[in-house]
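Each of the next two complexes has chain A plus one more chain, namely chain B in the first and chain C in the second.
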Partner chain A sequence: MAEDSGETKPKVEQAFQIVVKDQTGGEVHFKVKPTTKFGKIMASYAANKSVDQKSIKFIFDGSRLHENQTPEGVGMESDDCIDAMIEQMGGGKW
Partner chain B sequence: MPIGYREAYENVANFFKNRLTGKKRSRVESRAAEDPPAENVTNNEEQTAKKLRFDHTRTAPHRRQLATPAHPAIRDTDHAPAPRRANLPPQSPLASLTPAGQAACTREYQPVPAFEQPGPVDRQLSRRTAQPEYSFPKEVANGFTPGSETEIQPRQPKGADLEERDDYARLLNNQHRPRATSPHQHSPPSTSHALAIAPLANGIAAHTQTDAEATPSLQELYNRAAMPAMLEQQQHDAREERAQRERTELRQRLQEIQLRGKGLLERATAAIAGTTSPKGKPAPQHDESALVRETAEVLQRSRPSLPQAAKAPSKASSKARGKLKAVPKKPSPAPVKAQQQQGVVDLMSSSDDEDGDSTVVTDKRLTGAQQVSSADGESEGDESSQQESDISEAMDGLVLPGDRPSGPKPLTRKQRAAAERALSKGGNPDEVLVHHQGTNIEITRKMISCLLPRIWLNDEIMNVYVGLLQDRDSARRKRSTSNGTNGARPTHCHFFSSFFVNKLYKDEEAYNYKNVRRWTSPAKLKLAGQMSECVLQCDRIILPVHLGMHWTCAVIDLKRRELLYYDSMKGREPAIMDALRQWVADEFTDKLKQELDTSRWPIRYPDCPQQYNGCDCGVFALTFANYSARDAPMTFSQKHMELLRLKMASDIVHLALS
Partner chain C sequence: MSRARERLTEERKSFRRDKPFGFVAKPEQRADGSTNMMLWKCLVPGKENTAWQGGSYPVTIRFTEDYPAVPPQCSLPPGFLHPNVYPEGNICLSILNPDGWRPSITLKQMLLGIQELLDDPNNGDAAQNEAYELYEYNKTKYRLKVRQQALRYPPPQ
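And then the complex of A and B:
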């Protein structure tokens, strides 16, 4: 949870800051409303990383996030961290 | 010997030209003309001229046989006469034919139907007959020629084989054709002479054989022509027979089972009567209860657990419908803007509702998919009569204890149909087949297609299946609590998703409890379908482990205080297992505020079924998880993988384990 340099735009609404963390440790911070759907965060993250959105799985405390869910809906708090996981495939070890 | 394209072209052109001009020259002929075996012809001319004295007894089929012995491998059995030739009475010499008959026989050699494909020597024969320098008797003219003999002579087998055949021919000739062969027998047996007469003698031998076997060879020919059809018929018959046998076997088995079941039932009822009656003796009761158990087992085995599977998705779907709500609209049309200077993407100002319509669509899609999935289970019962489906299911699910000592149960028809429908090619790959509530994963057609044979499994399938295992565990626990305390306590299990190990240890290559600390909060556990408030109350924690390209299964046995690692490729991951062991200690500290030293918990790598390819490890890992959750012995192997894949597909589509 990297500390950010503070809010330049103090919003009246409780602004959530959400961190999306990938498996290599890279973080992207999002400022969202509690009612913003994750679909938007996902799309933005995928665009940021220039990857296909479907190839990434977003996990919050072990549970998958659906596009239509909101931070409020899953009981998220500010500065919570979402894990962006890439697809895992496996057939055998070589 | 391969010939060039040009040569082939010329040969074909020559052939047609010659046919038009009436000349009979074949390809072989023209090649022979290019490099004629000149000295052979001249050397043997006088010899062959001598032989003409007795050659007039030859017949048409005989001549063919005469030409063939050039190849030792080709005997008369291999070189069956062409049908038209074979129609001739083989033993009747041409001399005895009427002039019309002779003409007919002669005509045999001149027009060469394309489909008959006569040997090259036949063509040669017909050419030689047209050559004027040999003035053969009329009956010989269309038959034996010295050229045929001399030209093929260099390819004659030499030595003992030749002598042997010569002797054999002589022997035969003595028996059948003393008049024709007697001059030869009296002539001195010089080598060159033997060589010269070898084809002749062979021909005679062959002739005598054809005499004897003319009809069988003809029969054989017809057989050969009719071979494909006959073979097909035979195969068909064999298949029918096998199917019939299987059917009767199955019927017998069913009867046997019924008998056995009846006997067991009788004994069971007797036992029950014994226990209820006050005069029941205690000693046999024990024995009888075992029988009762056995009966129950047999009955349970013969009755597939499909009704559950059929009802489960409808329940799940109704739940899902209740849970998924569209977020209320709030129009504020501003574009998404990323605050790059701070590294913070601000989504505050943008509208939330641009997906409003798509939400509804998604909801529709979801309910549609759920309807489909629930229809899978329910509508089929309506289609056929209940009785019939019951019988067929009983037949499908029948497993005799002695029959199949190990391995998973075979698929029922409904399961197979569901799996095949889900795995069938075509259709929209993004079509959502099911949505699993516990793991919040939507399974699309594309995702489930990894359950096709020999395809690697992806994390979605792994995690959904693990979620289904969790559901089963909860259902069992519910059942056991509703039944009261008389039933044995089922194993309480918790299942983590495949990302747990990644977050705990693997991604950072270092143990980090903080990453997964909140994974086991009561709210999250409830969301995942775990009935216990704390994972440490469970007996077993089971999790699939992803190792780059390999799936394995780790089990933390809290009851026995040990850690098990199941790898279908005999691998060991001490680092991961250490991390898991440490996690138990930290979890104890964090959740239960107790210190627990887990450093002495053993990490075991038990013997487990191994995979023999590079694609089934996901199926193995899931099956390890499945069997481990039930505390069942690992009685499956590589050969069950296709079945297990289908079963998984069916289970996932039905959102319930069979």
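And then the complex of A and C:
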């Protein structure tokens, strides 16, 4: 098939895979869009692990990810790894 | 691009895809937004079920243009308490010494090696006096000081 057949391929937003790792060595792989908000990914991760979403934080490259950020927005590439940490509270929250 | 920079670009790529939990390794971002590939800022977590647990220790790695023929220099903050860390912070570890270094050693292996060293020091070849003495003569106090140090380096919040 000639490459210049003039057909226009439907524009597909590139699929992105991110890997969420936890302390016990567990991994959950997500296929997302570069523009999917982390809030959605966190909710789905928490549901998968049967834990409260508030008890988990996502760390990428040493920085905490916020719910309204996106993979694209923080410069993530496909197959990048996120650490899922259990939220700790060291008192003094008032 | 120099051989050192090419290799470091590869190291960054493979580390991103195969990162052990809790570790961070990235080239320094200069104030003007550019990247300094020769200076890396890393975090090494203390192993679970050791006195080092809960700490996320900042390791700086300095590469030269001769890398990977020669090892980079790895350091912890000055004054870091550990028998194999010099008072100014340089880490003394066989795989990072010119004699023990092999160009095939990856960034991930270096950082895992440093994590391993934390709870498994070689006090027979100490680089600082304070940790040497405590480890040798007062393990209880050594452990307590290591616990206090862990609290000073909390993981990313």
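Before moving on, here are some points about what is shown:
Everything that follows uses one rule, which is that the second predicted complex is superposed on the first by the 75 of 94 C-alpha atoms of A that agree within 3 Å, B and C clash if a C-alpha of one lies under 4 Å from a C-alpha of the other, contacts with A are read in each partner's own complex, and residues count from 1 in each chain.
Here, contacts are C-beta pairs under 8 Å (C-beta built on N, C-alpha and C of every residue); 3 or more make two chains touch, one makes a residue touch a chain.
The shown structure was predicted, so the numbers you read here are calculated from the model rather than taken from an experiment.
Look at A:S44: by the touch rule set out above, it reaches chain B but stays clear of chain C.
When both complexes are overlaid on chain A, the residue A:T36 reaches chain B alone and has no touch with chain C. In the overlay built on the shared chain, the residue A:A15 is in contact with chain B alone; chain C does not reach it. Touched residues of chain A, counted separately for chain B and chain C, are more numerous for B.
Contacts of A:E77 after superposition: chain C is touched, whereas chain B is not reached.
Of the two partner chains placed around the shared chain by superposition, chain B is the only one that A:V28 touches, whereas chain C remains out of contact. Judged by the touch definition given at the top, the superposed model places A:G62 against both chain B and chain C.
Judged by the document's definition of touching, chain A residues 23, 25, 59, 61-64, 83, 85 lie at the interface with chain B and also at the interface with chain C.
Residue ranges on chain A touching chain C, taken from their complex, read 21-23, 25, 59, 61-64, 77, 79-81, 83, 85.
Of all residues in chain C, only 16-19, 21-22, 24, 26, 41, 43, 48, 155-157 touch chain A in the complex they form.
Listed in rising order, the residues of chain A touching chain B in the complex are 4-5, 8-9, 11, 13, 15, 17, 23-25, 28-33, 35-37, 39-41, 43-45, 48, 57, 59, 61-70, 75, 83, 85, 87-94.
In the complex of the two chains, the chain B residues touching chain A come out as 324, 326-327, 330, 336, 338-339, 342-348, 350, 352, 355, 359, 362, 439-442, 450, 455-460, 462-463, 496-500, 502-503, 507-508, 516, 518-521, 523-524, 527-528, 546-551, 568-569, 571, 611, 613-618.
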